[in-house]
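In structure tokens below, several structures.
Presented sequentially are two complexes of chain A, the first with chain B as partner and the second with chain C.
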Partner chain A sequence: MASTYEKIQTSTLSSSTPSVTFTSISGAYTDLVLVGSAQSAGASRDSLGIAVNGSGSGIYSRTYLESSGSGAASSGRQSSQIRIVSDYIMGTTGTADFGTYIWNFMNYSNATTKKTVLFRGNNTQVAGGWNVSSMVYLVDITAAITSLTVATMNGPNLNTGTTFTLYGIKAA
Partner chain B sequence: MPIVGTIAGASARGYGGLGASVAALAGTYDSIATATVGVGGQATITFATIPTTYKHLQIRAIGRITGTDNKPIIQFNSDTSASNYWQQAFYGSGGAGGSWTYNNNWINYWPESTTTANVFGAVIIDLLDYNNTNKLKTTRALGGFDASGSGFTWYNALMWNSTNAITSITLKPNDSSNFAQYSSFALYGIKGS
Partner chain C sequence: MATAITLIEAKTLASSTTLVTFSAIPATYTDLQLLISVKSSAGATASYIGFNSSQASFSGQYLYSNPPTAPVGGTLARYIGSQGSNGFASYTIYIPNYASAKYKPFSVDNTDGNFGSGANLNMTCGLWANTAAINSIEIDANGNNMLQYSTFYLYGISNA
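Moving on, here comes the complex of A and B:
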């Protein structure tokens, strides 16, 4: 049995940067796993957005479950989004508070089915809790996923120290 | 890596690779078997004769059900009695979040025959310490689907009320229909230290 869980690429920011892009993603795997630790270079909280194959059109939708503070968990659904939108990320008012985010791009390289993405996000700040979330996304394309671009949704750069690693998982 | 706190040298774990390095991964995560459903669909997916050489197992799957019940179920060692399984789930379906406990073996919530065509659900299931004969077997799952106007996301913990080592795993639709063509199921083994 071959070892099947491989790192494809890591990007760690030494200065604030508008976006991180993984291009020419090999079709040799069954699933992709993107792991991020991120913060916005803006003062306010933001969200991460991922463009698949460079597309900024409304091909993304999601159903989410999240908990914030001490209230009951909430759920929602959005369609026709322009990115795969994550849970919140902290801004620089959070000093060294970075959230952690994991996306699973399931069966990303087949050219037959629409693509489903599973997500978990967690972010907290020293002064108090923020969010923990679970989301499932539809990317309304049947083409293989060959590139991923991650940026903030509202425009500020990704802050220094933000890191993303892309893994590939093969199947027998 | 997929399992919390089981890989030597790792400091933080979660679904899909938090804190992992290539060195830590080498030789610890193996593909055991994969099944992809062909034309006409398939009623059951069974991983039989599972090796005992791993510490944990993981199933990664996409799927769609040809009937009208959204829920695939899981069975271990051909134990078909739903009353031997218990599950606790925490879910979101667009409104308020909710939770449930049932004495059954639902393992996820996937698109069915009336869902938008070509939308597939997904699930990642971790089966912890599956060889240990001193413990009841517990799994955890993250999964669901979105169909741009409908959808379901959930965490699920499932207990099989048996201390037997898991030697085979069967997945099937709850309504005895089929998994649709292109549904795909991959079983992985994760080694301990």
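Moving on, here comes the complex of A and C:
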């Protein structure tokens, strides 16, 4: 039987690095799945941001549902975002904490429709301050997605041990 | 190109049991994914996970939606979601870097499968603060029986 779930590229950081970029993404798949485990090289909490095709302009809009601690969850919608942002789902240097992330990029290689992204992120910190996040993003481009660049939103490097793996899913 | 996802083991319950265990999990994959369809003898009940026969050093956060009530969050160790009073609950559990020497976070999406009063949603993150490789996974329904026809599929995902 033909394989329907294949690794495209993987990156494991052996030293702290400003960003991880997956380039020249083949259009041979139907959907993409990006799985990450990441820590900031900074000491303050941070978020991850993904630029699609290198774009940092306000082409990203989202609806989110998040929970941290006890009590009411938060949800909302925002437009004109400059990245696909994880919202404080990230471990910080000097701790054992790594945020975990799964992004699903649907029908990413077509050149006629705008792109949708589903996101699930978690940060379960040993010292408390846990976060659960679920989002849907709309990326206001019709071009095929050919590159994804992941970095912290506030500037620190991605820390050693951070991993990202890009998988392709085939419907045919 | 080789497939990145491999079925490690499938279990379909032939009779009721209070604990489902995947043991001797090989360390040859990068991540694990566990897909569950399960119904409890108790009706509505919580479900929990353990690793390597341990229930210690776990922490977690959940986000629970039961419309029309507003979604709420909370903290609960080992919690992976709930099972409803009817229907089969579904779980997708993702465990990245399960064989690493780091602490082990995991992510869960769950619906309790209630088709009478409406299904509820649970999203959970958990942490096992242990650096040992995960070589077994235990699932329980808070001491209640999990019924015949419940299914458990464990997959290995490789980035090699």
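Going forward, the second predicted complex is superposed on the first by the 164 of 172 C-alpha atoms of A that agree within 3 Å, B and C clash if a C-alpha of one lies under 4 Å from a C-alpha of the other, contacts with A are read in each partner's own complex, and residues count from 1 in each chain.
Heads up, the rule we're going with is that contacts are C-beta pairs under 8 Å (C-beta built on N, C-alpha and C of every residue); 3 or more make two chains touch, one makes a residue touch a chain.
Predicted, not measured: the structure shown is a model, and the values here were computed from it.
Enquirer: Fit or clash for chain B plus chain C once both are placed on chain A?
Expert: On the shared chain A, the partners clash.
Enquirer: Going by the contact rule set out at the top, does A:Ser44 touch chain B (first), chain C (second), both, or neither?
Expert: The answer is neither, since A:Ser44 touches no partner chain.
Enquirer: Tell me which touches more residues of chain A here: chain C or chain B.
Expert: For chain A, the partner with the higher number of touched residues is B.
Enquirer: Looking at A:Thr23, would you say it contacts chain B, chain C, both, or neither? Reply first, second, both or neither.
Expert: neither
Enquirer: Which partner does A:Asn154 contact after superposing on A: first (chain B), second (chain C), both, neither?
Expert: In the superposition, A:Asn154 touches no partner, neither chain B nor chain C.
Enquirer: Which holds for A:Val132: it touches chain B only (first), chain C only (second), both, or neither?
Expert: second
Enquirer: Given the touch rule stated above, what does A:Asn104 touch, chain B (first), chain C (second), both, or neither?
Expert: Only chain B; A:Asn104 stays clear of chain C.
Enquirer: Just checking: does A:Tyr5 make contact with chain B only, chain C only, both, or neither of them? Give me first, second, both or neither.
Expert: After superposing on A, A:Tyr5 lies in contact with both chain B and chain C.
Enquirer: Is A:Lys170 contacted by the first partner chain B, the second partner chain C, both or neither?
Expert: After superposing on A, A:Lys170 lies in contact with chain B but is clear of chain C.
Enquirer: Just to be sure I read the superposition right, which of the two partners does A:Ser68 touch: chain B = first, chain C = second, or both, or neither?
Expert: Only chain C; A:Ser68 stays clear of chain B.
Enquirer: With both complexes superposed on chain A, which partner does A:Thr93 reach: first (chain B), second (chain C), both or neither?
Expert: Touch status of A:Thr93: no partner.
Enquirer: Considering only the listed stretches 42-50, 78-86 or 114-122 of chain C, which one runs into chain B in the superposition?
Expert: 114-122
Enquirer: Taking the contacts chain A makes with chain B in one complex and with chain C in the other, which residues are shared?
Expert: Dual-contact residues (chain A): 3-7, 35, 65-67, 72-73, 75, 100, 102, 120, 134, 165, 167.
Enquirer: For chain B, which residues are in contact with chain A within the complex?
Expert: Against chain A, the touching part of chain B is residues 1, 14-22, 25-34, 60-62, 90-98, 118-124, 142-155, 182, 184, 186, 188-189.
Enquirer: For the complex, which residues does chain C have touching chain A?
Expert: Touching chain A: residues 1-5, 30-31, 59-63, 65, 70-75, 94, 96-97, 102-103, 105-107, 109, 123-127, 129, 157-160 of chain C.
Enquirer: Sort out for me which residues of chain A touch chain C in the complex.
Expert: Residues of chain A touching chain C: 3-7, 10, 35, 37, 65-73, 75, 96-100, 102, 120, 122-126, 128, 130-132, 134, 161, 163, 165, 167.
Enquirer: Over in the complex, which chain A residues touch chain B? Could you list them?
Expert: 1-7, 30-31, 33, 35, 61-67, 72-77, 79-80, 100, 102-104, 106-107, 110, 112-114, 116-118, 120, 134-138, 140, 142, 165, 167, 169-172
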